[in-house]
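Presented sequentially are two complexes of subunit A, the first with subunit B as partner and the second with subunit C.
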Partner chain A sequence: MLFVNARVLRDIKARKGVLDNELLRRAYLYVARDQRQPPQIRHQAQLQLNTFGRYTRPTTVKNRCVETGRGRGIMSEFGLCRTVFRLKARNHELPGVHKASW
Partner chain B sequence: MPEEIFIPSKPAANASPAVPDSEAVLPLVNATETASTPDATQTPTQETTKAVLPTPEVSQNWLDSIKQSSQSGFSEPEWAASIVHGRSRHEPLYHARTHNIPVALLHFRSYTPSLLDLFVHFASHAACSLGIPISRPAKLPTQRSLWTVPRSPFVHKKAQENFERRVHKRLVKAWDADPTVVERWVRYLEKNAMPGVGMRIVRWERAPVGVGEKVYIEARKGVRERVVTDKERMKRLGEQIVQKELAPTQTVATTVATSS
Partner chain C sequence: MASIAPSALATLNRVRCQIFQTAYNPTSTRTGAKYLRKRLRGPSMMKYYPPYQQLSLAKLMKDYPEWDIVDEEEQIRLRDVEDRKKRGKGAPTKAKNKEESRRTQRRR
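Right after this comes the complex of A and B.
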């Protein structure tokens, strides 16, 4: 079950916003980067892009630990932070993961 | 229990392809499959129980062809009869390839090599019983992922712990068998799949000349005529934005500049 936190809720909001606005953002970016358009139009498109709020920008999206909501030390393959990953791996709760020895 | 092993004399060198009749019986099957068409598995209420060992009802042509195709000169029932303690203790009989035409490729992956070897052994024995020539299991390189993680929840970076995950892989190749036989083998393996072992199967079938066009026509029936990709959608939206929002502002600006 997902751990719920103020920061986790913000991240969920950001993800939803990014999903809804991705096409629009990409279209504006396409216009702003299009070499064939006159510079005024490109500048206008870039200004429009700057007006989007923070919950529509993909840079706001951050992987969080599913168990503790921690923002740092996340391992994408498991969706867990490093401490929880270590606890679960030691309890054999992660399939195929064991203490390395070589 | 008699200890003597039955060793028959070697047959003639004429090898015929391992093509069975449609009435082939699967010796190792559980008591729910029939020996008739593949569609019979859709009606579970009418299944009859079948003997575990191959019975005399099996077509003689197929048995003879297996006998002739086997490298050691045994047929599968003869070889099976020679086993004292059971198939799990012995390597399967590897039938000789008659035409060297590849028919299937089986990839197995697991975190546990013992489970993997067990299932590959099981699959090899099933192929042997069906008369499918297969290769010895090949060991593909093991994939190893390593994660190094600090032990403490706070600071103490110098104290870390290593965790790893190894993915072991095996490969078995099959030749020459009839597509119906391969289908039966594959369905048998899927039905008796082992938890902890993943299986991926690549199959090749022989098709008559001119099949490409038919396949293309069939495929086109299922495809929508005009598929709009995300990139196209983005470009269209960009053009709309330019026409409706951005270009009108520019024309207004120029007219204002000229008038003043």
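Right after this comes the complex of A and C.
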């Protein structure tokens, strides 16, 4: 069950924004970074890039804990924060994960 | 040991690019190709959270009026507002013109 708070909602919004604008952003990035293009055109492309909103950049997306919404100490492979990961691992709810002992 | 002329190496490089159909870029200018070559990250980003449906009482009430759902907290709030109005503690009426709004500001 997904835990939802304002920060998780914001992250979902950012992910959706990235999905919707990625193609266009890539095209502008290509033109802006291409050294063979005249400087005016590259500058125009860069200005266009700046018009995109905050939640269209992939860097605004942050993996958050699916069960608690926590933003730090996330194990991306499981999508869980360290506490929930530990609890679930102890309850044998994560296949292939068990407490190390030697 | 016989040394190879740089020009010969450059020619070799160009011919190699022709044969294997790779981009010939001897001056290493930035072409921005990497922004086109990279995979799109949006689709996989959307898969991170499991799908969810936002449930809210207001939406339920709107979608299923025949269920007769009562939002108790909202009822309590409305009752409190009525009580406050009776005691003369309600929100002030909106100013009709400039003078009225100025008077309310001075009073504060």
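Basically, the second predicted complex is superposed on the first by the 102 of 102 C-alpha atoms of A that agree within 3 Å, B and C clash if a C-alpha of one lies under 4 Å from a C-alpha of the other, contacts with A are read in each partner's own complex, and residues count from 1 in each chain.
The rule is simple: contacts are C-beta pairs under 8 Å (C-beta built on N, C-alpha and C of every residue); 3 or more make two chains touch, one makes a residue touch a chain.
The shown structure was predicted, so the numbers you read here are calculated from the model rather than taken from an experiment.
Engineer: Tell me the contact category for A:Gly69 with respect to subunit B and subunit C: first, second, both or neither.
Structural biologist: Neither partner.
Engineer: Can A:Tyr30 be said to touch subunit B (first), subunit C (second), both, or neither?
Structural biologist: So A:Tyr30 meets both subunit B and subunit C here.
Engineer: For A:Val18, select first, second, both or neither according to whether it touches subunit B, subunit C, the two together, or no partner.
Structural biologist: After superposing on A, A:Val18 lies in contact with subunit C but is clear of subunit B.
Engineer: I'd like to know which partner A:Leu2 touches here: subunit B for first, subunit C for second, both or neither.
Structural biologist: second
Engineer: Tell me which partner A:Ile41 touches in the superposition: subunit B (first), subunit C (second), both or neither.
Structural biologist: first
Engineer: Jot down the residues of subunit A that show up as touching in both complexes, subunit B in one and subunit C in the other.
Structural biologist: After superposing on chain A, subunit A residues 23, 26, 30-31, 34 contact both subunit B and subunit C.
Engineer: In their complex, what parts of subunit B are in touch with subunit A?
Structural biologist: 111, 145-147, 149-151, 153, 161-167, 230, 233-235, 237-238, 240-242, 245-247, 249-250, 253
Engineer: Would you pull the subunit A residues touching subunit C in the complex into a rising list?
Structural biologist: Those in contact with subunit C are residues 2, 4, 8, 11-12, 15-16, 18-20, 22-23, 26, 29-36, 58, 61, 63, 66, 79.
Engineer: What residues of subunit C sit close enough to touch subunit A in their complex?
Structural biologist: Touch list, subunit C to subunit A: 29-33, 35-36, 38, 40-43, 45-46, 48-50, 52, 54.
Engineer: For subunit A, which residues count as touching subunit B in their complex?
Structural biologist: Residue positions touching the partner: 23-24, 26-28, 30-31, 34, 37-38, 40-41, 44-45, 48, 75, 77, 82-83, 85-86, 89, 95-101.
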